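Next, two complexes with subunit A in common: one pairs it with subunit B, the other with subunit C.
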Partner chain A sequence: MIAAMVYALPFLWQGFVLTLAVSGLVVAGSLVIGLLLGTALAFGPRWLGLPIRVFADTARAIPLIVLIFTVYYGLPALGLSLSPFWAAVAALTLFKTGHVIEIVRGAIGSIHPGQMEAAKTIGLTFANRLRYVIFPQAVRRFLPPWINAVTDSVKGSALVSLVGVVDLMMAIQQVIGRTFEPMPLYILGAAIYIAVNATLSIASRRLEARFAATVAA
Partner chain B sequence: MDYHFNFTIVWRHAWRLWWGLGLSLQIALASLGIGMLIGVVLAVAYTDGRRITRMAIAGYVEFIRNTPLLLLVYLVFYGIPSVGGFAYDATTSFIGTLALYAGAQLVEVFRAGLDAVPPGVVDAGRAIGLTPMRNLIHVRLPTAFRVSLPALSNAYVSLFKDTALGSVIAVPELTHGAQWINFNTFRILEIYALLTPIYLVTGWIILAALRLVERRYAIVRPN
Partner chain C sequence: MSPPVEAPPVLAIRGLVKRFGETTVLDGIDLDVARGEVLVVIGASGSGKTTLLRCVNALVPYETGSIVLDGTEVAYTAPNSGVRRSDHALSAIRADIGMVFQLFNLFPHLTARENVALGLRVTRGLGKQEARARAEHWLTRVGLADRMDHLPSQLSGGQQQRVGIARAVAMEPKLLLLDEITSALDPELVGEVLDVVRGLAREGMTMLMVTHEMSFARDAGHRVVFMDAGRIAESGNPREVLANPQSDRLRRFLRRIELRTE
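What follows is the complex of A and B.
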């Protein structure tokens, strides 16, 4: 069992890097878009909020695998052909953006409206109200669920193997295709995913502690 | 855009979608049921157990929560039979996987539920002479269950979505039905234009129905 794992490790490296790349792109993309849309949902006018609301609810209610297939198989029929890698990244980002919007809205919603009013009273512009008053407080509510979303992205990235991207999951399948020993490889794969997510969790706990300390001071 | 929608050929095979939808809902229900059993037993064991029990349960929960569901599906379907020397059909294997997956999440849910039972109520149970077991069955679990109801509704909808992964091991559920039609008719956009709303609308209906149940039975935690 151990021998099979040691044998497989070098073959998994490239897939592992790709899994990290997919996860990184998805996390970064969904964070940027989700922050913008989530803020627009919290403070924007109704005509802007409604489509964002619909998008966030729809993206979260569709199985990720269906979303990936729709983007990968469906878009070419509409004349937009994406490589498997970018189709998978796009689909995962759409899915995650839905979650981030919800987290941002929740974090901003947890700030007492009096904070916004007080900031207005002392004459801060809207951008400065967000920057100095709302965001520094909201970030504490934002981080814990967001870190969950990040580990979820790492796990979700395994689905890109279904459209032929050679990520960690696919690399595992390929080695099994040669050795016909599934169990050691799946256990090794689980261990690698767990190691990545455990690292993220530990890092996030440090991050949370830091933000909690600076805001409390 | 020069794609011509043609739903006629899709309607001819649409029964695979309805049939798959039924199977998806059943798989979700079966795995929720088994998962709840796992969740309740382990939550009680965690709350009342010793350190070593707690560590074992935490290990199970962390393993499942940090591993991609896709990998778990493969592990149970391809991995376990390869070392166990037996085989089972895809649907059984998939229900087992989802049950293990749901169980890990429901341990946390029920643990929170058990913690939410006011200590005074448990003391009262002891005061009227209930044995620890009877106290658990008649006092703690019913309260914990009602506190956990909203989380259970969410778990069911989430499991319904996760059944889509069954398609990778050819469980004939909703997504697999859609893929079958897709590969046999090549009406790609029509299939996904149908599949997506089916998931959406079914999810909404389940959630709305379960919210009604909650309104009747759930205890809202004061906080």
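What follows is the complex of A and C.
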């Protein structure tokens, strides 16, 4: 069993890198877009908030696999053809952005309205009210659910193998195709996913502790 | 205390009307605040006092009327125009209007010093050292020289409110709005906060103050205004108005307040 795992490791390396690349792109993309749209949802006018609301709810309500197939197999009919890799990244990003919007809105909504008013009364402009008053407080509420969303992205990235992207999951399947020994490979694969997410969890706990300290100390 | 000398008012409110849906909260308010004047607003809850202050600071929009601070229309580009000023223009006007809140609204992630220095640095554009020095000056003034590095959560209610006052006056506003600033305090902490306000009054700070502290209104206010159902029902010298209320409404209101404080 151990021998089978050691044999497989070099074949998995590229898939592992690809899984990290997909996850990284999805996390970064959804963070940037989600922050913008979530902030717009929290403070913007209703005509802007409504479509954002609909988008966030829709993205979260569709099964991830349906979203991936729609982008990869469906969009070409509309003239937009993406490679399996970018189709997968786009679909996962849409999905994750829905979550980030909700997390951002919740984190901002948890800040007492008096904070915004106090920031107004000392003459801060909107951008500075966010920068100096709202975001520093909201980040503590944002981090725990966001870290969950990040580990979710890493796990969800395994689905991209279904459109032929050779990620960690696909690489495992390919090795199994040669060795016909599924068990050691799946255990190894699980161990790698656990290792990645455990690392993220530990890092996030440190981060949270730091932000908590700045308020409690 | 004698009323200040005649001069153009710092704040001039004309025909101010504010509605929340069907409810008319402010029903045509005309009010001037002279430079150096301490104007005390009293009235039952729901009479529109707090909304009046919030309109002056453009925290809420209003339907019609005009609010002019030192020659500048506050929330809108012109009286009754409905064209609201840009965020930048509003921010610049608000920088000249200080406000102290009933629930303090200190920034919980910043120390006392940082709470006071933030506006000085970002809005007034002072350097780090100067903002810090001015923040320390004002915190010392309100008796918190030994609490500069404390977070709001580490301060008593009275201390938090004094930080709130320091944060507002450090900006050197033309007008200071005080919204029931002692209502959330334990009774034994009210005195220390009102003493700070008395000190500011003596130095000529122009103040528009909503309060239920009648003894303070009597001995520190230049003028008192009694609001009822969104209108100014009575106004004048605090000693006279509070000693000889003309309307049943004010008589009843004063009786209720006295029952509560005794």
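Quick note on the criterion: the second predicted complex is superposed on the first by the 214 of 217 C-alpha atoms of A that agree within 3 Å, B and C clash if a C-alpha of one lies under 4 Å from a C-alpha of the other, contacts with A are read in each partner's own complex, and residues count from 1 in each chain.
Keep this in mind: contacts are C-beta pairs under 8 Å (C-beta built on N, C-alpha and C of every residue); 3 or more make two chains touch, one makes a residue touch a chain.
Just so it is clear, the structure is predicted and the values come from calculations on it, not from any experiment.
Judged by the touch definition given at the top, the superposed model places A:121 against subunit C, while subunit B stays out of reach. More residues of subunit A lie in touch with B than with the remaining chain of the pair subunit B and subunit C.
Legend: residue contacts after superposition of the two complexes on their common chain; A:32 is shown touching neither subunit B nor subunit C. Of the two partner chains placed by the overlay, neither subunit B nor subunit C lies in contact with A:202.
With both structures placed on the common chain, the touch criterion links A:133 to subunit C but leaves subunit B unconnected.
In the superposed model, A:48 makes contact with neither subunit B nor subunit C. Residue ranges on subunit B touching subunit A, taken from their complex, read 1-3, 62-63, 66-72, 74-75, 78-80, 82-83, 161-165, 167-168, 175, 178-179, 182, 188-189, 192, 195-196, 199-200, 203-204.
Per the touch definition, subunit A reaches subunit B in the complex via residues 58, 61-66, 69-70, 73-74, 77-79, 151, 155-159, 161-162, 169, 172-173, 176, 181-183, 186-187, 189-190, 193-194, 197-198.
On subunit A, the positions that touch subunit C within their shared complex are 112, 114-115, 117-126, 128, 132-133, 136-137, 214-217.
Across the complex, subunit A is touched by residues 57, 59, 87-88, 90-92, 94-99, 101, 103, 105-109, 118-119, 122-124, 151, 153, 167-168, 171 of subunit C.
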